[in-house]
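One structure below.
A, B, C, D, E and F label the chains in the order they appear, each numbered from 1.
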């Protein structure tokens, strides 16, 4: 039994609210337990300069930024105003790569989608929840493109969700909160498609190396969690 | 009649939700029409270095940061990650000065209160709404101090609220939204106490200078709006 | 009686020297008591990129920078070489806004005027003296444009001057020096036109809020001081 | 057959030269094909401030920096002198985490080991080669500590090496060079211990998601490559 | 004959005004033709951290900053607010090194002298004039130390002045203005003591290398100019 | 006799290895005693923006960067990642100016040569060795231009080498290592052409001023050293 009463293979309660604000074409308030994110998707009808100079410039682009707001943790986190810290850089690169994997950039056309993941409250699992919520914001933003994109060629080629798994006291557990994450022996973030294939796997030993068998157990747990998250995504997108 | 149907002396609908997140001791989601802010108040049990070196170091401090999130506007606003732009600097200095005016720093003791105003959606009046919401977050944060501060000497010495007024087509109007603000001839931000005295007045001619009579009309309008905002603050703090 | 023997409504001695240097088209050495500024006005025959992209790009622009030189205070002020501090940002935005209020940018045409306020010695009132001196430098710079601008449509539409007022021991006083400023209960900076209208009002309570009556007294004092400053500006511009 | 004639499971030729310079306690010139790195390990007899403030401050620390020199690529890479780019941040965090996994920081004592990975020539696989070479530099640096550390408790608790694997035209391949890397469908970096356990797994789909079976094939290939690299490390450390 | 009518071995007219401002202990307005500088010397009763940590921390320190104000040139020079440009860095290092050469830092005691060279108008020769004027500001600042330093051991061990020389159309010339400097074939800056010895020599070929004989001719010219500058320094320090 | 057994006029052992890496068109590993540099020369077929805007834009450009790698000294040198320190700026400006003196930029055509001097191990004399090695890398890079430049007009108009000289205990010495440099009374860096003329002279008194006679002795020593270095350059370029 885990410290909050969950089973090893149990997600935290997930809440999803689309169109939390209305100025951004995609705007999702998503929470998993006490982790709360506002994920917006904006569309810029231009390309970044390095991309525009490219011969393949008819293709679009997607990029992401991740930011923990100062009030999202206790003690308060210093605002990243002069330089971005290494952890944020690493996370936003992961989010951007993962969401790019489900976009057909030729179908999107020469425009840029910006995903902004703002952490309003941090209690573990922000990077994977940012991907899961980012997918919903991305769907909503693309829907606003209307006739700017062809109806015959969908911009989104897959659904995407992500979850963290880990090993705690030798037991594989799903969707770690901050306390579990800080004590886990392994920390593994998994991003998958609706077809059950991998987009990204990032596993890190925390103080103790892990065996191939332990890796397999965690991947199975992640698959199970991601299937549930995808059902919640589908329900939210219908609602 | 204004473009959204309001009377010249009418505030936008105000919504206030305390404890929107729970990790920060004060956490207020406040909106006026489509302007939506998350204001958190955090407490740091130390003083900033320049303050700690001061002989009066038994006194506390309060400081504020203001940030428009990228998804709060369309087109998306570039994130201030390498340097803070001049407008943000000016606004957060105003918010900090205004809220400091209601704190007895000897009663607070040698600790720092950090107010973070995050603009989730921007539609005019963010700086004054940040002060109005910041006062509520400040009350909640101070309440968490409990026995760390004396019961005989209140930390808060006044209530504080703020509103913008302006002149549009020659008519003084209250609580401008973005469209009104961008067309107004004068932009005046007023911060007042519950006792009806001024904390800060910042008036700027936009393309046309203004007379002392026009100033007087606007100040009267601001006083009226601030009295209403203070009732809403009181109701929220009771609720 | 004030610490330097002045009456409450008395300005410090003002000295104005035009063309202090000759490479900048406007170059004014101006002092009020021990506050000494070099204000230059330069003309750039291009527009800033954000302005040039504007459909209204035939209009010109004016911007200002404010800098306290390290040797202008004791102890020496650290040079702002890596980032501009919040106070400088706030002041240079005020100076720029105020001087833009007297320029007809269509008459100026697609060029940029840069006002540089260098504080050679700081003893209070630098921001308002920067505006008062900046107006003179601006006049001199515009005069060098000659036939580049139309004679039928003056570039300058008003004269501008500014002064600080405050309340010290309950008494409203004019043109505070550093000692007075650091002890004042209210600090109010006022920018006006030659027609007696307001361009900018920035009033801040310092530790104690102020009443509408006190505001009125200070505004009257400011009007009186600004009338005197405008006479000195006119005399200097003739000389 | 691969473009350079290698078998799918064949490493590039590895060259290792210890003590390439003599001022740093560890200094390894290591190359895999045309990828050439200088990895130095320096020892600082203090701890970083955030670590020193920690109650566990008797424990040491290890951190890493990664830098591609401008002349290491064609076209020349702009030197990271004003900010570190996201890719470098991500890589140096991986190198640091991986090498920390083999150090007993209590045995090391309150000192910091700095690993500097300088890419003299880049042809793919720099991050994994940096870990493989970094382990050797780390061994050499720790050997210089002599009596400063206890003989009864080894500072190094495992050996560490790393390699990249990928899928190219559907075939899993080992140790990708730049051309292969830029065309691969999957990019997987694996860090392992001498005991055959995982320290870090980072797998990224490049344009196409991958199955669990493909993951398994790649992990087997990586294990094989890492075993060979560890033999080369051992030979170098004896030499 | 030179473009301004000077002989090859003739200095520009030099004007020196001590105590131009009064808050800094040394404050010198110095000009050579149209080059005009404000040089201040401030005293900080502490040492920089890297110096204070030194076992020889009873010794003082002197450092210099050099800044061309934006209005000092036409077109206006961009203000160095985010980073210092290479030329300024090079010049302020030269000024600091040169003035340190005449200070007995044991006699000065554990305090720091800051020399700030502000270029109000630039017409060539700013770095050497900064040294010549800086020496006067330094004398004035040290005189304010009074009993804080011993009367038996002078803080200043030499007098220092500097001048530029060059070769123009094959002829060695003294004290180049901007036009001459931009056309000269050699640019040589020389710093000397009152005893006629060298502190610093920096000679640069501009497009054409120079012979040892040409170097000798220029050094003789520099010596002559520096002797005259030292007489002017002495006269100013008496006056 | 010097601490390492050399005669006063004796260079340290010089080793030169061309094409140390192969991706950069010029790549030279050069060492003088324990000072070891990797100097690369890259060619960019564009001009820097400030140069391209120039009417003389058919002319090419050469610029240099100098960087001491962190592991090149003990204690480890902090990596210059946020700003370049003053010493590096000064040195890379010297290297760039010196090497520009031997290039006919019209013959080079509108392209930029970048010289990167990476200090792998620092033991004094890095700036002059960077010039000596940079000349070789420059020759190699220009040779790769082939038919892009005219055969009738050589791009290189002179050969260039540099050395440091100094005065130690009153004796002029050649090619100082770090220990000698830190104790020398004078530090003089000399850059010369194959024709025996000067490109740059930078002499600095370290604690004691120097006479014209001492300058002459040092210049003679430098000439002798540079003649030997040029023979080594010629041999390397033939080999």
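Note that in this section a contact is a pair of C-beta atoms (placed from the backbone, for glycine too) under 8 Å apart; a residue touches a chain by one contact, two chains touch by 3 or more.
All figures in this text were calculated on a predicted structure; none of them were measured in a lab.
Visitor: Give the chains in contact with both chain C and chain F, ordered by label.
Guide: Per touch definition, common to chain C and chain F: E.
Visitor: Could you tell me the least number of steps, going only between chains that touch, from chain A to chain F?
Guide: 2
Visitor: Going by the average position of its CA atoms, which chain sits the greatest distance from chain A?
Guide: Chain centre farthest from chain A's centre: E.
Visitor: Name the pair in A-B, E-F or D-F that forms the same interface as B-C; by residue number, over half of the contact pairs must coincide.
Guide: Repeated interface of B-C: E-F.
Visitor: Tally the contacting C-beta pairs at the E-F interface and at the D-F interface, and name the larger one.
Guide: More C-beta contacts join the chains of D-F.
Visitor: Could you put a whole-Å number on the gap between the CA centroids of chain C and chain E?
Guide: 33
Visitor: Just give me the whole-number Å value for how far the CA centre of chain A lies from that of chain D.
Guide: Whole-Å distance between the two chain centres: 27.
Visitor: Approximately how many whole Å separate the CA-defined centres of chain A and chain C?
Guide: 50
Visitor: So which bits of chain A are touching at least two other chains?
Guide: 82-83
Visitor: Touch as defined at the top gives a ring of chains. Read it off for me starting with chain E, then chain F, then onward.
Guide: E, F, D, A, B, C
Visitor: For chain A, which residues are in contact with chain B within the complex?
Guide: Contact set of chain A toward chain B: 20-24, 27, 34, 36, 38, 40-42, 44, 65, 67, 69-76, 79-84, 114, 116, 118, 120-123.
Visitor: How about chain F: which of its residues touch chain E in the complex?
Guide: Residues in contact with chain E: 83, 86-87, 89-90, 92-93, 97, 101, 158, 188, 192-193, 195, 197-205, 207, 209-212, 215, 219.
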